[in-house]
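So the structure is just underneath, and the comments pick up after that.
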Amino acid sequence: MIKRIGVLTGGGDCPGLNAVLRAVVKTAIVKYGYEVIGFKDGFKGLVDNKFVKLELDDVSGLLDRGGTILGTSNKHNPFKFPVNVDGNTEYKDMSKRVLENLDMFGIDCMVFIGGDGTLTTARDLMKMGIKGIGVPKTIDNDLSGTDTTFGFMTAVYTATEAIDKLHSTAESHHRVMILEVMGRYAGWIALEAGISGGADVILIPEIPYDINKVAQKVMERKNRGKSFSIIVVAEGAKDVEGDMVVNKVVEDSPDPIRLGGVGNKIAAEIERITGIESRVTVLGHLQRGGTPVPYDRILSTRYGVHAVELINQGKFGMMVSLKGNRITEVPIEEAVGTLKTVDPDGELVKIAKSLGVGFGD
Amino acid sequence: MIKRIGVLTGGGDCPGLNAVLRAVVKTAIVKYGYEVIGFKDGFKGLVDNKFVKLELDDVSGLLDRGGTILGTSNKHNPFKFPVNVDGNTEYKDMSKRVLENLDMFGIDCMVFIGGDGTLTTARDLMKMGIKGIGVPKTIDNDLSGTDTTFGFMTAVYTATEAIDKLHSTAESHHRVMILEVMGRYAGWIALEAGISGGADVILIPEIPYDINKVAQKVMERKNRGKSFSIIVVAEGAKDVEGDMVVNKVVEDSPDPIRLGGVGNKIAAEIERITGIESRVTVLGHLQRGGTPVPYDRILSTRYGVHAVELINQGKFGMMVSLKGNRITEVPIEEAVGTLKTVDPDGELVKIAKSLGVGFGD
Amino acid sequence: MIKRIGVLTGGGDCPGLNAVLRAVVKTAIVKYGYEVIGFKDGFKGLVDNKFVKLELDDVSGLLDRGGTILGTSNKHNPFKFPVNVDGNTEYKDMSKRVLENLDMFGIDCMVFIGGDGTLTTARDLMKMGIKGIGVPKTIDNDLSGTDTTFGFMTAVYTATEAIDKLHSTAESHHRVMILEVMGRYAGWIALEAGISGGADVILIPEIPYDINKVAQKVMERKNRGKSFSIIVVAEGAKDVEGDMVVNKVVEDSPDPIRLGGVGNKIAAEIERITGIESRVTVLGHLQRGGTPVPYDRILSTRYGVHAVELINQGKFGMMVSLKGNRITEVPIEEAVGTLKTVDPDGELVKIAKSLGVGFGD
Amino acid sequence: MIKRIGVLTGGGDCPGLNAVLRAVVKTAIVKYGYEVIGFKDGFKGLVDNKFVKLELDDVSGLLDRGGTILGTSNKHNPFKFPVNVDGNTEYKDMSKRVLENLDMFGIDCMVFIGGDGTLTTARDLMKMGIKGIGVPKTIDNDLSGTDTTFGFMTAVYTATEAIDKLHSTAESHHRVMILEVMGRYAGWIALEAGISGGADVILIPEIPYDINKVAQKVMERKNRGKSFSIIVVAEGAKDVEGDMVVNKVVEDSPDPIRLGGVGNKIAAEIERITGIESRVTVLGHLQRGGTPVPYDRILSTRYGVHAVELINQGKFGMMVSLKGNRITEVPIEEAVGTLKTVDPDGELVKIAKSLGVGFGD
C-alpha cells in the first residue's frame, strides 16, 4: 500500500521536466491521495537528504516553465559519489545511504526522471530493493525503449528557428552558414531540424561524411544559381576517417567541444575547398532552454500521469514509453544501455535525400 | 509511364500546404524527372483550366510559408459546379470537362491535397478513370485513415499560446476566460491545446456538457483560493440538451457561428450562475495562418515525398497516411466519409481528468 | 523621511505591470532601504485593507510575466465605492477610509500604476493629502503626458503577428480579412500594427471612414491582380455618419461590443459592395496577455526605477513619463483628462498613405 | 528633375533592410512616379554594373523578410576595389567607373543604405558629384546622427529570448551562464538585452571590467541563496588591463573572434575564481537574422519613405534620422566617423545599477 512517493530529476535539463513533475504531483495527490517528496539536484539529494514536500501549489504554473524546480545534476552517481576527503574529491559507494534515507522517511517508491545514466543508476538501486518507475528524458531522443522523449521537439523547434534566421544572412551575403546542434551519438536533432528548416546538407554521427562531397553539394548549388548553402551538423558528426573532432588547442577550456567543434572544422574546410565564405553558429545551451512546445507539454503530462498509474498498479521496474501514439511501459532493463540512432537507410534519411539534401556520403 | 503530374489544393487553407507542394515538386522533378502542373483554386482550376507549370524555383522558400501558392476553394465541386446563367448561379456537372482537360494537357495523374470534401470528390473523379493520389489535410485532425494531419499541430500551438496569454488576464482580474477554438465535429484542438495550456475545463463535441457542472468546477477552484478559471471550448461543443448553439439573431451576418457561438453562450451562463466576470476570445482564422511548426513541416514533407513515390509505384487510389511513426498509405475509399472523433473514454481524456480537468460531464 | 511605500495596479491589465512592480521593489529595498506594501486589486485593497508585504523574493522572475501579481480592478473607485447594502450594491465615498488605512499602517507614500481612471482617482486622493507618484499604463497608448506607455508595443507585436497569420489565408482564399484591434478612442494600435503588418486599409476613430472608399481600395487592388486585402480596424472606428457601432441585438450579452463590433459591420458591407468574401477576427483579450516584449520590459523597468527616485527626491504629485528617449516626470494633473489621439495629418498617417494604405477618407 | 533613382544595401545584413527597400520602391513609384534601380551586393554592383529594375511586385511581401533581396557586401569599396590581376587580388580606385555607370544608365540619384563604412564611401562619392541620400543601418546601434537604427531592436529581442532560455538551465544546474552578444565598440545590445532579460552582470566595451568584481557579484548572489547567475557580455568588452580578447591559438580559423572570444575567457576565469560551473553561449549570426520585430518594421518603413521625400525635396547629402519620436535628417558628414557609445554615467546604466546589476566596475 503506497502512501508516500519520491521523485527526482537527473542529468542535463530539458524542456518538459517541470511538466512531468506537475503531472506526477497532481495525479498522485488528487487522484490517489499519495504524498510526494521531491529530492533536490538528482541523486545528490537522495544521498544528502535534501528534499522538499511537493504540494499542489508548488506545481501550479509549471506547465510552461523550462528547467526543473528540483534542480538536477549529472555528477552524483550514488555508487560513485564524490566525497570531500581532506580537500580532495574521492568517489565512494553511497547506495546503502539511499536505502536508509528512503526507509527513514517512509518513501514507498521513487519516480526517476532522467536519461540513460540516471535510469541505469535507478535500475541498479532497484536491484538493491528500491521500488521505482522510470520516466525517459533525453534532448537527443536517443533512448531505446520509447519512440520519443520530451524536450526533443522543443530542441528541433529552436534549431529550426535558428536555420530560418541564418537563411537570410546566407542569402544576403552569399555564404555557407553552418549550424552545429546537439547530438553526440545520434543525429536526430540535426536530421529533423535539417528537414524542417530546409537545410542543403545534414551531417550526423550515423553517416560519416566526406568533406569533398559536402563541398561538391555546395558547388552544385552555386552552379545552379544558388549562391548560398545551409549545413546542419550534429556535434558528434565525424568524417570518413572516423575521428570525432576535438580541437586540441583549446581542450583545457571550460567547454572544449563547443569551442573547437566539428562545425568550425567543416567551415574551414568548405571555405578552403570552395572559396565561399563560411560561418558557424553553435546553438549549444539554447536548445535545452525555454518553454516547452505543446507537443512536449502534452507528452510530459502523459508520462507523468502514467508513471503514477504504474505505481498504483504496482508495476515497478518499468519505464513509461511512447509507442506510436500510445503511452505504455517497458522494463527499464530493456531501455538502458543501447542507443537509438538514426538508420542511414531509414525513411527520414530517404525523405531528405529525395529532396536533394546531401549527407556527405 | 508517367511524364506529367497535376496537383491541386482544396478546402480551407492550412499551415503546411506549401510544404507539401514543395516536396511534391522537388521529388517529382529531381528524383523522377516528372513535369508538375499546379491547378489554381482547387477544383475550380481543373474545370476552368487555370494552371501554372511548377518549377524548382517556384517552390524555393515555401517550407515555412503558410497558405497555398496555388490558392484554394471550398465551393467548386466539379460535380455541382457553380455556373453563371443569366446572372443566376446554377450548379452543373462539369466532371467530364475535368477529364477532357487532363487529357488535353497530357496530365497522367493527379495529387489531390485536401480534406474529406476534396478527397470524396477526388474518389468520384477516380471512378471516372482519373489516376490520383490523396494527401490528407484537416486542421481539425478529424480525418479517418491517418493518425495526424499537418496543420493541426500548428493550430494546437497557436491555441496554446492564446491560453498562455489569457492566463495572466484571468489571474489579474479574477475572471473566467473562455477560448473558443476550431472543431465543429471533433474536439482534438480543444483537447490537446487544453492539456498543453493547462485549461481547467475542456468542452468538446464528443462529450455533451452540463453547464451546471462547468460552473461547479469554477466554484470549486474559487473555494480552493483560485479566483480564476480557463475554459477551452470547441466551436462544435453542445450541451446535454443536444443542440449546437447557433445564435439566431445574427445568423444573417457574414460569419454567423463566430458571432453568436458557443463561447458566448457559456460565458453568459457561467457569469449568471457563478457571478464571476467571464470573457470570451474566439480564436478563429488565426488558427489557420502563419508558418507551420517544425512537426508540421516535417509531416508535410513526408506526405509530399511519399505521394510521388506512390505515383512512381503506380499505387493510384491511395491516400498517404501516418500510422504511429510510419508513413504509409490507405485506400482513399476507406479514409473518407467517417470522422475520427475523440474517444470520451480514451487515454487523452483520462489523462486530462487525472489532472483534475473538467469536461462538464 | 520615507520608510514605507505602498503600491497598487489599477484598471485593465497590461504586459509590463509586473516588471514595474519588480523595479519599484528592487530599487526601494536595495537602493533606499524602504519597505514596500502591495495593495491587492487596485483601490479595492486600499479600501478593504487587503495587502501584502513585498520582498525581493516576491518579485524574482517577474520581468517576463504578463499580468500583475497584485491583481487589479477597474470597478473600485474609492470615491464611489460599491458597497453591499441589504443585497443591493450602493456606491459610497470611502476615500477617508483610504487615508485612515494608510495612516494606520504607516505608509508614507503611494505608487499608483494605472491609466486615466486610476490616475484621476490618485490625483483626487492626493488633494486630500496623500503623497503619491503616478506610473502611466494604457494598452491603447492614449495617455497624455508621455510619449509611450508599456504594454502598447507588446499589443502592436501581437496584432502584427495576427496580421502576418491572416495574410496567408487572405491570399489563399482571395478574401478580405479584417482584424479588429483595441483602441476605443485612439487608433494607435491599429495604425502601428497596420503599418508593421502591411495592411491595405487602416480604420481609426480619428479618421471617420466612408465604406465606399474602403470598398474602392479593395477593388483597386483586385483590378491590379491582388485578389485579397487586409483591413485593420480599431474597435472605436466610426463611419462618416459619426455613430460608433453597437450591435443592438446582442447588447445584453456579457461582451456586447466585441460581439457585434465594427469589424463585423465592415465585413458585411464590404462583402455586399464588392462581392468578395470577407472575414473578421476580433483580437480582443489576446492583446493584453503574454510576456512583454523587450521594449516594454525596459520601459517598465525605467518607469519603476524612476518612480522610486522621485519618491527619494520628494517630487510627489508627479507622473513618470517618457519624452523622446528620456525618462522624466510631469504633474499628474497635466497628464489626466485629455486623450492623446492620432493626428490625421501627422507623420505616421502620412507614411502609411505614401505606401498606398487607405484610411477610408 | 528626378526620373530614375538607384538604391543599394551595404555592410552586414540586418533585419529591416528589405522593409526599407519596400518603402523606397513603393513611395518612389506610386507617389512620385520615379523608376527604381537596385544595385546588387552593395558597391560591387555599382562598379560591376550588376543591377535589377525594381517594380512594385518585387517588393511585395518583403516587410517581414530578413536580409536584403539586393544582396550585400562589406568588401567592395569602390575607392579600393578588389580586382583580380594575374590571379592575385589588387585594390584599385574604381570610383570614376561608378560615375560613368550612373551616367550611362541615367540614374539621377542614389539611396545608400548602410553603416559607417557604407555611408563614408557614399559621402566620398558625393564629393565627386553623385547625388545621394543615406539611410543608417547598424545592428549595434552605434551610429552617430540618429537615436536608433533598425535591426537593433530585433537583435535585442533575439538576445532577450536567449537569456530567457539560459535562465532555466542556469537555475536547474546552479551554473553561471554567459551570453556573448554583438557589440565590438558599443555595448547597446548587451545593455538593453541585459536589462530586458534580467541579467545579473552586464559587461560592455565602455566600462572596462575587473573580473574579481564580476566574481564577487556571483558569490554575493550565491550567499543570498541564488545559486546561479546570468552574465551578458558584448563581444568587445575588455578588462581593466585594456586589451580586447583575441584568442591567438585559433586566430587562423575562419571566425577567430567568435571562437576564442571574451565570453570563453570570462567563463574560465569565473569558474576558476568561484568554483561554480560556467558555460558560454555565443549568439553570433542569430542576431542578424529573422523577421524584423514591429518596431523595426515601422522604423525601416519611415526611413524608406523619408529618404524618397528628401529626394523629392532635393535635400541631397543628408541621412534620414530618428530624433526622439520624429523622423528628420542630418548631413551625412556629421553622421559618419564618430561612434555613438554607451555613456557609463547615463540613465540606462544607472537604471541597471539601481536594480543591482553589476558592470564589473
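We just call them A, B, C and D in the order they show up, numbering each chain from 1.
In this text, a contact is a pair of C-beta atoms (placed from the backbone, for glycine too) under 8 Å apart; a residue touches a chain by one contact, two chains touch by 3 or more.
Keep in mind that what you see is a predicted model, and the values were worked out from it rather than measured.
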item: Steps in the shortest chain-to-chain touch route ending at subunit D and beginning at subunit B; value: 2
item: Higher-contact pair (C-beta pairs counted), A-B versus A-D; value: A-D
item: Length of the line joining the C-alpha centres of subunit A and subunit B, rounded to whole Å; value: 32
item: Gap in Å, rounded to a whole number, between the CA centres of subunit D and subunit A; value: 34
item: Residues of subunit C whose C-beta touches two or more other chains; value: 164
item: Contact footprint of subunit D on subunit C as seen in their complex; value: 23, 26-27, 30-31, 63-64, 147, 153, 156-157, 160, 164, 192-193, 195-198, 293-295, 297-298, 301-302, 305, 308-309, 323-327, 347-348, 351, 354-356
item: Of all residues in subunit C, those that touch subunit B in their complex; value: 9, 12-13, 15, 17, 41, 65-68, 71-73, 158, 161-162, 164-169, 171-174, 177, 247, 249-250, 253-255, 258-260, 264, 267-268, 271, 278-282, 284-286, 288-290
